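Multiple structures are listed underneath, in structure tokens.
In what follows, chain A forms one complex with chain B and a second complex with chain C.
Moving on, here comes the complex of A and B:
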């Protein structure tokens, strides 16, 4: 199935969880936060939250700033 | 009392954390990560700000988090980029997830030219975030009335500006900062505009509880040496404040006894 991550289409297996998506993307998980369709999914839910076709995922990370 | 003793008994408490350094620092604008880490160590800062951004799907970014945590820094995520209360609340909630801290530097500046904080949206967001259990440190104009409202809203500290962000112009809001410091029952952290160690020392002499410096360190000729200079200036300013500054006078008051020895023997 296809989901959208930060405006880029990503193909992942049916019923993938947030954690599986992040592993698939090969992005560092430390310092990351994520929202699915504008709702923040807390880190403790990443391994159980199942994504659906067309979900809009916003992925954020901590960077340097003042 | 010796300075060391004075400093040992002089800790800054904000919410659940105690700081022995009154110099907070930002992590932006450093040329490279190693310079940033070296500079932050030289500054002896125990609280550093960070920002949040959307992950770039095409490129891999440096992991700046690991070295900061390894060096024992407390992280203060900001809501930079938020243009209103709603966006700032969302950014704070994301930051809480990303950095696993309920501390947040609340900053809402809709205008990119001067980056001046929006007082109305900031107060709205501060109330909501404090109610949601956040330790809120709002970046605001040096407005004494607003600072009292933010205190009543449950903020853990206020962060009034000395001058616009990154301007290095110094403590342009002095008279109003003095009123804020006089009236506050929560720590006052002077943020933004501090461009040189003397500016930082002045803020501390005025009785500010801490200062936050970023640009002046990060873009200095030698960021590491400059960060050390800031650490010394903040300590000196704090010591001067605790020591009780001597008063000013328009007339000269002699420091030597005005004896008439030059006239002796006439």
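Moving on, here comes the complex of A and C:
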């Protein structure tokens, strides 16, 4: 199935979890937060949250500056 | 209620249906702790002083450096080397002598912060590092004090509001649980002045709205600001029931 990650399409296996998507992307995830369809998914839910066709995933880093 | 001098000073608030004399009285009774007197804290503190927030507590432990002046608009070149918090206190008293300003010129530990939280009804996190942000969040959750968090780097900004008086409020730790991770700050990544100023200004706007009782669009929300496109994205922050700071098993 296809999902959108930060505006780019990504193909992943059916019923993939957030964690499986992140493993597939092989990106450094330090200090990252993740939202599916504009709703933040807590890191403690990444291993169980199942993605669906067409989900829009936003990945962004914590910023600390000020 | 308000003196003649205050009626004159705040006349542009009194004209607003959303503020008016009652709102101005609320502002006068407002007690806000602003932690960090850099690029976020400069505009936030100056706007709240101008607006007549009656009691402002400023916290920072840095001296002004020349590289701060590109974005920290409360200061001047001749101030280099002086304590930021004392410079800003003086600046705010010059803007508005009707308010009280107190300065804390040390790095607060949790015990001191918890004591300070007993004396305010709102906190603005204007700091520049993850450790401080996590410590401030945990203390505000513990003390049930509302917290408005701002952050900026490069051309990006983040804004959040956690109303810790409400049991169902999420917290900063629900969103960013790992403080030890490498995160971006102004000295390792750079930042444009108007980007950090926009976020500090939004913190002041949310603070004023909170004090006069207007609804907020950012409670349990994360707003991401893109300085390249001027677009704002909004995300819902769900309370993490397993959060070690605000969750059920803390």
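Following the convention adopted for this analysis, the second predicted complex is superposed on the first by the 64 of 66 C-alpha atoms of A that agree within 3 Å, B and C clash if a C-alpha of one lies under 4 Å from a C-alpha of the other, contacts with A are read in each partner's own complex, and residues count from 1 in each chain.
Criterion: contacts are C-beta pairs under 8 Å (C-beta built on N, C-alpha and C of every residue); 3 or more make two chains touch, one makes a residue touch a chain.
Keep in mind it's a predicted model, so treat the numbers as computed, not measured.
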### Which of chain B and chain C A:59 touches, first, second, both or neither
first
### Query
Given the touch rule stated above, what does A:35 touch, chain B (first), chain C (second), both, or neither?
both
### Query
What is the contact status of A:43 with respect to chain B (first) and chain C (second): first, second, both, or neither?
both
### First (chain B), second (chain C), both or neither touched by A:27
first
### Touched partner set for A:9, first chain B, second chain C, both or neither
neither
### Common interface residues of chain A - those touching chain B in one complex and chain C in the other
30-31, 33, 35, 40, 42-43, 58, 60-66
### Task
Spell out the residues on chain C that touch chain A in their complex, using ranges where they run on.
36, 38-41, 126-130, 133, 150-153, 156-158, 174-178, 181-186, 189, 191, 196, 199-200, 222, 224, 233-238, 240, 242-243
### Complex contacts: residues of chain A adjacent to chain B
5-6, 8, 25, 27-28, 30-35, 40, 42-43, 58-66
#### Entry: In the complex with chain A, residue positions of chain B that touch it
26-30, 36, 49-57, 60-61, 63-66, 75, 77-78, 80, 90, 93-100, 165-166, 212, 214-215
### Touching residues (chain side chain A, partner chain C) in the complex
30-31, 33, 35, 38-45, 58, 60-66
